[in-house]
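Two complexes come next, and they have one chain in common, chain A, joined by chain B in the first and chain C in the second.
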Partner chain A sequence: MRTLYVEADTILHRLPPRAKLLALAAASIALFLTRSLPWLGIAVLIGVGLYFSLGLPMREALARLRPIFLTIVVVCLFNLLFNSPADAAVVLLRLTTLMLLAATVTATTSIADFIDEITVLVGPLERIGFLKAADVGLAVGLVIRFVPEILARYAAIREAHTARGLPVRPLTLIAPLIILTLRDADSIAAAIDARGFRRQ
Partner chain B sequence: MNYQNALENRMTTRDLVFASLFAAIIVALGLVPPITLGFIPVPITAQSLGVMLAGVVLGARRGTIAVLIVVLLVAIGFPVLSGGRGGLAVFAGPTAGFFIGWIFGAFTTGYLSERLVTASQSGLAQGVGFFVAAFIGGIGVIYLFGITYLAFVGGIGFSKAFLGSLAFIPGDILKTVIAALAGRAVMAGYPLLPQRA
Partner chain C sequence: MPPLSSPAPPVYRAGNGKTRGTDLDIRFEGAGARFGERIALEPLTLTLTERRIGIIGLNGSGKTTFARMINGLTKPTEGRVTVNGLDTRDDAASVLSMVGFIFQNPQNQIILPIVRDDIGFGLKNRGMGKAEIRTAVDVVLARFQVSHLAERRAHELSGGELQLAALCAVLVTRPQVLILDEPTNQLDLKNRALVERTIEGLNEDVVVISHDLELVDDFDRVLVFDKGRLAVDAPPEEAITRYRELVA
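What follows is the complex of A and B.
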C-alpha cells in the first residue's frame, strides 16, 4: 500500500521523529496563541519553504494538500461572511501553516519510525497488561494485508448481484462483506498464536 | 489496577484480529466508488458508515479499537481516508473534530448496542435498538466533537458550525438506517456483539 512518506535524504529526514513531533506540537500551540498577522505570515512562509523543499513533484505536493486546504478555505469564507476579514486571514494563515508543517512531518518520517514512537507511547498499557507493544505493528500489518482481499471480495459480491440481475444496494453488499471477512478471524488468530507473535 | 482485573481487560489475539479486520473494512469502504442509493441521487461515502458498523457489529471495546487503528494508520502516513486523505495534515484541518469523534462515536454506538440489543429480541426491536445506538453514537457524538472543534478552531462559533454541518445530516441518517439493518443481518448470520442487557 502506498504511503505518504517521501524517500529522500534531507535534514528533516535525518532529525529524530520524536523531535519532529514535539516541534509540531509546540508549533500548533504557538500558532493558536498568536493573532498577529505579520507573525502568522512569516510562519506560513516557513511552512511553504519546508514543505516544498522536500523534493516532491509539484503536482503531487499540491494534490496531497488539496482536500484539506478546501475545508480551510470554506471555513475562511464563513469567517469572511460572518466575522471580519482579519479573522478570516488569521484562520487561513494559522490552519494553512499547521497543514504544511504536519504534511512535512508525515513526508519525512517513515512508517517504521512512527510505529517505534507509538510503541513507546503504549508502554504504560503494556505494563498494566492490556496489550503487547508489538500489537500496534501487528494490527497495522493485518490491515495492509487484508484491504486488497476485502476489495476483491467486494467486487465479487457486486458481480454476484449483477449475475442475478439484482440492483447493487448498500445493505445487500455490506452485510455479506462483513460476515465473510470476520468469519476468517478465528483461523487468523490461531495462526498468529501458533507463531507466538504475542507470547501469551 | 489489580492483576485479575488486568487479565479480564486484556486484549486477546482474537479481539485484535476482529478489530484489525474491521479497520480494514473501514479502509476498503473509503476506496470503493461511492454507493448511489436508488431513490436519492447523491452518492454516499461509506467510511463513516463503517464507524457505526464497527460499534454495531463488534461492540464498544473491539469497535473502538478498530476505529483507533484507522486513526493510527492515518496519523502515521497512510492515505486511507476517502479521497486519498491521510497523514498528520488531516488533524490540521478544521473538520478534524469529526474524525477524532469517530473513536468516541464507535464506542458509544457499541456501548448502547450491547445494552439495547439481544439475540432473543424480535427483528424489529433489534433494528430499532441498533438505530438508536448508531444515531446517538454515529451522529450525536461525532457531531458533538466535530462541531465543537470546528467552532473553536475555525473561529466561526457554535451556531454557524452547527448550521454548516446540518447539510450532512440527511445522508448520515440514511447511513444510520443502513447500519441498523446491516447490524441485524450480521447478528443473524454471525453474532459477535457482547451481550450485556
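What follows is the complex of A and C.
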C-alpha cells in the first residue's frame, strides 16, 4: 500500500496536525473572502513555496498534483465559457492555492495522525449524539489512504490493456477500476471488522 | 429466506485431541451459510477445542467461509456459531476480540501504511493512550524480532515481513485463537519457512487454512472441505490421505 505521506523532518512535519488542519480550514475560508487577483496570486506563490519546500523530487511533486490540476482546468474552462475571464482567473488561483496547501498538509501528516485529529475535532458532535467520532476519523483517513491505491490500480489496468494489445479507452478502464476498488473497499472493511475497530 | 437444502446437519466426531489449547471452545450448531442461491457451506455441527487445527480443501470448497464464520466475519444464515458460549451474531464485538484473523492476502489486512501505525490501529478503540499503544506495539514487534520494521512502509516489505507485520497487528490485541487463511500463499521458500517457524512458535491456539499439506501434518486435527461440506474430520495423517484420494 502506497501513501501520500512524505517522510522528512521539515518544520511542517513537526507542526502539530491540529494546527495544520485548522490553518488549512482558515485559509480555505479566507481564499473565498477575496476576489483580488494580486492577493490570490500571492496566495498561490505561498502555496508553491510550501509545497516545493517538502523536498519531493520535481517529477513526483508534479505527478501528485496532475489529476487535481486537470480537474481545476476543466472547472476554469467552464467559467471562461459561461462567465468572464476574470472569474475564471479567480477560480484558477483559488483552487490552485487550495490544492497546493491541501497537498502540503497531506504530505506532512501521517494517516494515523489525520484519524486521531479528525476524531478529536468532531468529538463534540459525538457528545450530542450526532455521530461516532471514531467512524468519521476513520472514514477521512481511509479516503486519503485510498487515493494512491486507486491511482496505482488505474495504472495497472492501463498496463494490462497495453500488454494485451487492447486500445486504452477511459470507458474500458473505468468499469474494472470501479469493480476492483469496491473489492478493495470490501477487503478493508472486513479487515477493520476483524480487528474489532468498530466494536459492532 | 428459504432454509438450506440439507435436511439434517451431520455431526462429526472430534479429532485426536493430541494437545489442548487454552480453554477455547468453538461450536458450530447446525451452522451453514449461503450467499443468495449459492450454498457456501452446508450446515454442520462440530466442536473445536484443539490447539492446532488445519483446514484443507480445494479452492471454493468452503474453507474460508468456515473460518470467517468462527470470528463472525460471515454470519451463519442457518444455525449458530459460538465461541466460548458467545454467539457470533449477538456478541460480535466480544467474539472479534477473542478470535484474530489473518487474511489470505496480508496486503488487504494493512489498514495504515506505516507498520507501527497499522499495528496500533486495533488498540485505538480500546481506550488505550498513545504511550500505552506504543509500548504494546514495541512488545509485539520484539516478540517476533521485527522491531526494525516499526517505521517502515508496508508496501516496501517483503512477503514474509508483510505476513509478520500482519501477524503482529492481530496479536497485539491478544486474541485467544488465531485464524490464518493460507499464510504461506504466494511466498518464496525462504519467507515460507520463516512464516512456518513463526506459526510453530505461537502460544495462541491456531486454525490454519492451507494448501500446504506439510504445514498441517503435525497438527492436532485436520478438517477437509469439499464442495461446501465438511468431508473429513480426522487426525492429520488420515485426513491428508483421504484428501489426496478425494482430489485424485
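By definition in this document, the second predicted complex is superposed on the first by the 119 of 200 C-alpha atoms of A that agree within 3 Å, B and C clash if a C-alpha of one lies under 4 Å from a C-alpha of the other, contacts with A are read in each partner's own complex, and residues count from 1 in each chain.
Keep this in mind: a contact is a pair of C-beta atoms (placed from the backbone, for glycine too) under 8 Å apart; a residue touches a chain by one contact, two chains touch by 3 or more.
The structure presented is a predicted model; accordingly, all values stated were derived computationally and were not measured.
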| item | value |
| --- | --- |
| Partner chain(s) touched by A:F52 [first = chain B, second = chain C, both, neither] | neither |
| Touching partner for A:A134 - first (chain B), second (chain C), both, neither | second |
| Partner chain in contact with A:L173 - chain B first, chain C second, else both or neither | first |
| Partner chain(s) touched by A:Y5 [first = chain B, second = chain C, both, neither] | both |
| Chain C versus chain B, contacts on chain A by residue | B |
| Which of chain B and chain C A:D193 touches, first, second, both or neither | both |
| First, second, both or neither for A:D184, with chain B first and chain C second | both |
| Partner chain in contact with A:I111 - chain B first, chain C second, else both or neither | both |
| Contact residues of chain A, present in both the chain B and the chain C interface | 1-3, 5, 111, 115, 142, 184, 188, 192-193, 198, 200 |
| Residue numbers on chain A that touch chain C, as the complex places them | 1-3, 5, 110-112, 115, 134, 141-142, 145, 184, 187-188, 190-200 |
| Touch list for chain C against partner chain A, complex | 71, 73, 92-93, 96-97, 100-101, 103, 105, 107-114, 117, 120-122, 124-125, 153-155, 169-170, 173 |
| Of chain B, residues touching chain A in the complex | 1, 3, 6-7, 9-14, 16-25, 27-28, 31-32, 35, 37-38, 44, 46, 49, 53, 57, 69, 72-73, 75-79, 83-95, 150, 153-157, 160, 164, 178, 181-182, 185-186, 189-190, 192 |
| Footprint of chain B on chain A - complex, ascending | 1-5, 24, 28, 32, 64-65, 67-68, 71-72, 74-75, 78-79, 82-83, 87, 90-91, 95, 98-103, 105-107, 109, 111, 114-115, 118, 128-131, 135-136, 138-140, 142-143, 146-147, 150-151, 154, 167-171, 173-175, 177-179, 181-186, 188-189, 192-193, 198, 200 |
